[in-house]
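A quick write-up on the structure given underneath.
By letter and in written order, the chains are A, B, C and D; residue numbering begins at 1 in each of them.
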Amino acid sequence: MGKLVFYYGVMGCSKTANALITRFQYLEKGKKVLLIKPALDTRDNIDNKSIIASRIGIQAEAYAVRIDESIASLLSRDTYDIIICDEAQFLTTAQVNELRNLSKYIDIICYGLRTDFQSHLFEGSKRLFELADNIYEIEGVCTCGKKAVINARLTADKKIIYHGDQLELGGNDKYVGMCWDCWQRGNI
Amino acid sequence: MGKLVFYYGVMGCSKTANALITRFQYLEKGKKVLLIKPALDTRDNIDNKSIIASRIGIQAEAYAVRIDESIASLLSRDTYDIIICDEAQFLTTAQVNELRNLSKYIDIICYGLRTDFQSHLFEGSKRLFELADNIYEIEGVCTCGKKAVINARLTADKKIIYHGDQLELGGNDKYVGMCWDCWQRGNI
Amino acid sequence: MGKLVFYYGVMGCSKTANALITRFQYLEKGKKVLLIKPALDTRDNIDNKSIIASRIGIQAEAYAVRIDESIASLLSRDTYDIIICDEAQFLTTAQVNELRNLSKYIDIICYGLRTDFQSHLFEGSKRLFELADNIYEIEGVCTCGKKAVINARLTADKKIIYHGDQLELGGNDKYVGMCWDCWQRGNI
Amino acid sequence: MGKLVFYYGVMGCSKTANALITRFQYLEKGKKVLLIKPALDTRDNIDNKSIIASRIGIQAEAYAVRIDESIASLLSRDTYDIIICDEAQFLTTAQVNELRNLSKYIDIICYGLRTDFQSHLFEGSKRLFELADNIYEIEGVCTCGKKAVINARLTADKKIIYHGDQLELGGNDKYVGMCWDCWQRGNI
């Protein structure tokens, strides 16, 4: 009997580092870990193999789950003690529903962004807020020192962009976690 | 400099009792508390006065905020140290945005349901998950002993209803917090 | 398979109200609750019957466990689904050890003060910090608006007392939750 | 106006990795971080320079604070935005008191063990449980899959030792986080 857990946080709050540390801890205990991420994020994805890397200098290979792929099918091919998912904001509603059902048998820990650059939930984070057994924040900090709650999208010369498509892949060059006030005042 | 906090939980998890206890604690410290609830819930609403009551036997009068009413305007009429909102799932997106801005000056604590009887976010809870500084759960328990994560809607003879309108007011007679498995199996 | 949970907080943070609400929630689900408190607190104790009362206006009868009494023996007389303990700071080390062992079979939730009027752990809270599966805070607020972390002992004319015996029973007339700075500066 | 925060956990739960990630996040934001650890842990300490290293493959140089050294004096030599302390269970009561006072001006985050191999608090963790503004757990897992709450001390051939001195330095070869039941039954 497992649990579905969601750790959310802003860009740059070390979600990936936390996912890798959790994986490491289970591996040390001799557990079998299925590390996945939605394939939507194609920055470093070839076939179903994808590298999950944290800026702090640690990484691991994950299984990149395609948007129309069943996560349950992965479990039927091999046995695991836990599923860890990075970039969980990009999971589909159907995939989170699937994780919800799988959590009857296995622990599942998801790491992902809360909201997009306009403060709206992603499909995956929305469904995780609706269904997770436990919701925890990995706190990020704004440059002003306050807690960051929104992911600002930046132009190349570090101006905040307030309009555009929800999906535009990028790392710390293009996104930065900010507090509400600084974000509203464009105070980067 | 305040914070916007969201306590979410299933039906019957004592959200209202917690709201009233928090209010009591601030009153004891000599603080001025603005207790509000969205007027959408018209069960006991006359004009802008509404009674917030917990089954455990405590209650207080709240200001019932109409769907098109500005919460900021209430603050301009009187000064307060804290805003406490019950049934926050029924706030509008515009009202949560307003609370987000007001939290620059004053602490705001919202209590509300996470999701409706089909496991979907309400307008108010959705916006609070997107914007709150802190998100905490008030845990509820399923009859089976596991943690409750969904609000089942019940017929008069205690069968689970899976289809219908999102809004259908009712208390513990009509709704019950359940775990995912029991809910899916209709195992009330 | 249960858990041993410790909710700690300062004087006046509504620990008792929370204990009673949790009890109420389990009773509503048809669960059998064993409500206990250490008999050391003799304010309203006759034999093994003691009233647990919150200032907000709710109360219930608890079993007052004597300092040399076994909690396990209570379970052998009757069956319960959960044990809820108020004033848990007054439990003995042996009793917390006993709860730790009992938590293999039953959920146990303890509510109690963190520290005494000189910022030192009590016997019961010390052992609970050492052994609990989960430790949560019920936050209290200082008059200055900051979070309260210490329980100041007061004279009849509301001056802070910094020396004396650890145990001196009293309620909100004699103790008040304060932040560290106000307490150090005697700034009540 | 800062806060004193204590993250506790068992051996092998990634406390050090978390300390280094938090440091990294603040450095990325251009903040000045004072990374310290009590010099009591002399495994890799030369003068006041000590390497803090996580098994996952990240490390940083810390200032090793001697048992009789003032942490405040470090702040007078240089300015910092935050203090991060690893192995905080080895701080003295006086040093935690000092951190408590310094937290008026600066944020302080401590990472450390909860208890020793006999389930008793260390001097530093005891004082942090008494005084911290916020107490969070970094969860560790027992081999059996349950949550780890105690640090078992092991012989070279992996038997649990139940008696001895509180202090006996060692890493994952000598200590392992376990749940209460497995520890009591010697079930490693």
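Just so it is clear, contacts are C-beta pairs under 8 Å (C-beta built on N, C-alpha and C of every residue); 3 or more make two chains touch, one makes a residue touch a chain.
These figures come from a predicted structure and were not determined experimentally.
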{"item": "Touching chain A and also chain B, the following chains", "value": "none"}
{"item": "Distance-maximising chain from chain C - centres being C-alpha averages", "value": "A"}
{"item": "Gap in Å, rounded to a whole number, between the CA centres of chain C and chain B", "value": "28"}
{"item": "Inter-chain centre distance, chain A versus chain C - centres from mean C-alpha coordinates, in Å", "value": "39"}
{"item": "Sequence positions of chain B contacting 2 or more other chains", "value": "none"}
{"item": "Topology of the chain contact graph, where touching chains are joined (line, ring, star, complete, other)", "value": "ring"}
{"item": "Chains grouped in pairs wherever the two touch, ordered by label", "value": "A-B, A-D, B-C, C-D"}
{"item": "Interfacial residue positions of chain C with respect to chain D in the complex", "value": "100-101, 103-104, 114-115, 119-121, 126, 129-135, 137, 147, 149, 180-181, 184"}
{"item": "Chain A partner contacts - residues on chain D that touch it in the complex", "value": "12-14, 17-18, 20-22, 24-26, 28-31, 55-58, 81, 140-141, 143, 145, 172"}
